[in-house]
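So, here's a batch of structures to check.
The following pair of complexes shares a single chain, chain A, combined with chain B in the former and chain C in the latter.
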Partner chain A sequence: MQALLKIDTRLIYLLTFVVVAVAVLATLGLPVRVTPPTKALYDFVEKLPAGTLVWVGMDYGPGSKSELDPQVVAFFHHVFKKDLKVVIHSMWTMGGKIGQELVEPIAAQYGKEYGRDWVNLGYKPGNETNLRLCTSSIKECAANVDHLGSSLDHLPLMQQARALDKNTFGLAITFNTGTPGIREYLAIVQAEKQLALADGTLQMSVPEDIPFFQSGQLVGMFPGVRGAAEYEVLVGVKGAAVKAADGQSLAALYVAILVILGNIGYLTARRAATAQ
Partner chain B sequence: MDGGTLTAALVTLALWTYLYKDNPIFRLAEHLFVAFSTAWWVGELYRNYVKPVVLEDILQQGRWGMVLALLLGVILYARFVPAISWLARYPMSWMLGYGAGYVLAFQVKPLVGQITGSFLKFGSINSVLLWICIVSALVYFFFTISRENVAVSSVATFGKWVILVALGAAFGNTVLFRYTLLMGRVEFMLRDVLKVAQ
Partner chain C sequence: MKKELPMVLATIAALSVLLSQYFFAINQLGWLDSLDKVYNMMAALAIGLGLVNLTVVHSGYIRRKREHWWASVVLLVCLWGYTVLSLVLGNDHAFVDWFYQHLIVPADSTLYGMVSFFITVAAYRVFRVRTLEATILLASAVFVLLGTAPIGDVIVPGWSTARQWILDVPNTGGMRGIIIGTYLGAWATALRVMLGLERAHLGGAG
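Our next item is the complex of A and B:
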């Protein structure tokens, strides 16, 4: 049993790869139970009247794509199904580009026109200072240009989207991975402007962010990629998230087995040492 | 396979070689990453800060008031010249003062929501449990009452376990997040490079 403490780490890595590859190659279709934060967000979006403006913060970089991209995709399927209008903004340099690449095909699928149904302001430097400026004038915080460099004056949706406040928008959501992210939105958009706020976050940030949902400061949230899988189930769209959630479930099982084996090895070694 | 996909695949494989042991291929990929990200940031900072502020706002539009901010920024680098390094303290103190003021003015409000959210509500068992856990965890950090008191000691011990459970949950979530990152890379290798997955 003490051999369990001497397993070659390279073997553990190899098995890790095999476990993840199985999840990628096979469609396991493990059951997905919808949790309250995801359901609350879905219900909130469901109740928004058609034509309502939704502000989407794309506040992450390529390092978090594997968890946050499925959330963005699932959310936009719902938003466009509901005929809501969207303004995308990013406090992260790559956020605008990631948003454009993700949203364009979904918008085309639902026949949504750029400029009329959705606008991507792209990356705007200045972190929370810029976000604060958006609450008084979007035109000013965006320097009057969108992600592609076009003037906002030529985009009909921007005649309606003047400022990031509760009189203009029905919901703000930030898909975020750190700073700037949800903390800035909580202080500026939720606490000051009283605008309904939601959060799309990484699995590792869930314990930090979920208290904001429990306290009622967030109307809902995506708790990691599992949240995206739950949202896909609610919206009725088959995407990458359910598969990623399968991978997470397998990985959790694999890690749990390793932890049990490691503990058996440790306890056996300790007992043997005590006996001597 | 296009050049970008091939490069990404090769760099991914180069990084994975570290799992066997440290080697020059891994080091090359690591240095490439540092070099490219530095170059990326230099470009981004020029495009988003230097060009719009220095070239457009100051030189083209004549907003000369911004020179003062620019000057404060330049003075930060005085710390690299020993004779005038004291000058760097002025912009630094400005930044610290602004930062502290900003946090006090705007970051406290969300905390109020957290505090009111943790008030005891007898409507649900979860709320009562949450309240007990919060109070116990706070007692653990309360060192002005002697732990010789059995009641305080018991609550503090329970609070310690609450903190350990919370840390365990955070660690578990972090492990799962890392697996999702790995899954993204494995999916890229199997689907986009080897084309064996859908």
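Our next item is the complex of A and C:
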């Protein structure tokens, strides 16, 4: 039994790979139960009238694509289904590009036109001060150009989207992994401008962010890839998240088994040492 | 003067932001917007400064043939290659996009993906029922872990509800304490910078 204390690290790595690969290659289709933060976000979006402007912060880099991309995709399916208008902004260098490549195919699927139904401002340097500048003038915070370098004056949607405030937008959401991210949005967009705010975050950030949902500062949340899977179920879209949640299930079970085995080995060794 | 001027500027800027945030009449003067515009401009300029700084530092490494100097060559080639390509061809050009799709995305995703391997081994080696506190930590960690994944509800129906309670009640209580403490600390540091007591940001003058 004490051998359980000395499982080879290389074997653990190999099994981690096998477990996740199996989940990705073979769909388990485990049922996904919707949790309150995701349901609250879905209900909020559901109540927004058609034509309402939604601000989307793409505040992450390629490293978090596996967990946050499915959230963005599920959210945009809902937003375009509901005929809402979207302005995308990024405080992260690669965020604008990630947003463009994710949203373009979904917009095409729903017949949404760039400039009229959605606009991608792209990456704008300046972190929270840029965000604050957007609350007084989007044209100024974006230096009057979008992600592709086109003038905002030529995009009809931007005549309507003048400033990031509650009179112009119905909801702001940031898909984020750290700083700048949700904290900047909470301070500027929610607290200062009183605009309804939602959060799409990594699973490991959920314990940090959930107090803001509890306090009512967030109208809803995507709690990690599971949140994305829940949203896919609610919107009725088959995406990558449900499959990723299968991977998460097997990986979680594998880690739990490893912890149990390690502790069996530890207790056996301790008992043997006491007996001696 | 080299230290005093930045200190005075920092104090004026900090006071302008503070007063604008707390007093409506001052807010209406538009100082905050003006400062934000200045900061945005500086942030854009800082990217250029970063480019120059990285180039100077890594050129030095290459000249002195420091250990792993070849990594500095790779860095400079990527840095300037991608910058020039983006400036000449445009951000959306297929060639620029190829570099992004086939180099940046896989490299960044790989680094993030590797964390799962380390976490798995760390969980196996560290989580031990050594003491009562460690046992409580272990039990709640495994409980939340399995409750987070859909498999929790398959093993025991309602598992995710119990996991949500742990997040909503004990976790939220603890996190609120940490968050309030963090912001009090940040507030104290900001006050020290504003009063000129904190000078490390002026070049380690102390």
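Heads up, the rule we're going with is that the second predicted complex is superposed on the first by the 276 of 276 C-alpha atoms of A that agree within 3 Å, B and C clash if a C-alpha of one lies under 4 Å from a C-alpha of the other, contacts with A are read in each partner's own complex, and residues count from 1 in each chain.
FYI, contacts are C-beta pairs under 8 Å (C-beta built on N, C-alpha and C of every residue); 3 or more make two chains touch, one makes a residue touch a chain.
Everything numeric in this text was worked out from a predicted model, so none of it was measured.
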| item | value |
| --- | --- |
| Fit-or-clash call for chain B and chain C when the two complexes are aligned on chain A | clash |
| Which of chain B and chain C A:Leu267 touches, first, second, both or neither | second |
| Partner chain in contact with A:Ala21 - chain B first, chain C second, else both or neither | first |
| Touching partner for A:Pro31 - first (chain B), second (chain C), both, neither | second |
| Which superposed partner A:Ser66 touches (first chain B, second chain C, both, neither) | both |
| Touched partner set for A:Ala251, first chain B, second chain C, both or neither | both |
| Chain B versus chain C as contact partner of A:Asn130, first or second or both or neither | second |
| Which superposed partner A:Tyr110 touches (first chain B, second chain C, both, neither) | neither |
| Per-residue touch tally on chain A - higher for chain B or for chain C | C |
| Chain B versus chain C as contact partner of A:Tyr13, first or second or both or neither | both |
| Footprint overlap on chain A, where chain B in one structure and chain C in the other make contact | 13, 16-17, 20, 63, 65-66, 125, 203, 206-208, 211, 214, 224, 248, 251-252, 255 |
| Residues of chain A that touch chain B when the two form their complex | 10, 13, 16-17, 20-21, 23-25, 63, 65-67, 93, 123, 125, 143, 183, 186-188, 190-192, 202-208, 211-212, 214-217, 224-225, 244, 247-248, 251-252, 255 |
| Complex contacts: residues of chain B adjacent to chain A | 19-20, 44, 48-49, 52, 106-107, 109-110, 112-114, 116-118, 130, 166, 169-170, 172-177, 179-187, 190-191, 196-197 |
| Touching residues (chain side chain C, partner chain A) in the complex | 32-33, 35-37, 39-40, 43-44, 46-47, 90-92, 100, 104-105, 107-109, 111-113, 116-117, 119-121, 123-125, 127-130, 138, 142, 145-146, 148-154, 160, 164, 167-168, 171-172, 175-176, 179 |
| Interfacial residue positions of chain A with respect to chain C in the complex | 7, 9, 12-13, 16-17, 20, 30-33, 35-36, 61-66, 94, 97, 124-127, 129-130, 132-133, 136, 140-141, 147-149, 203, 206-208, 210-211, 214, 224, 226, 229, 245-246, 248-256, 258-259, 261-263, 266-267 |
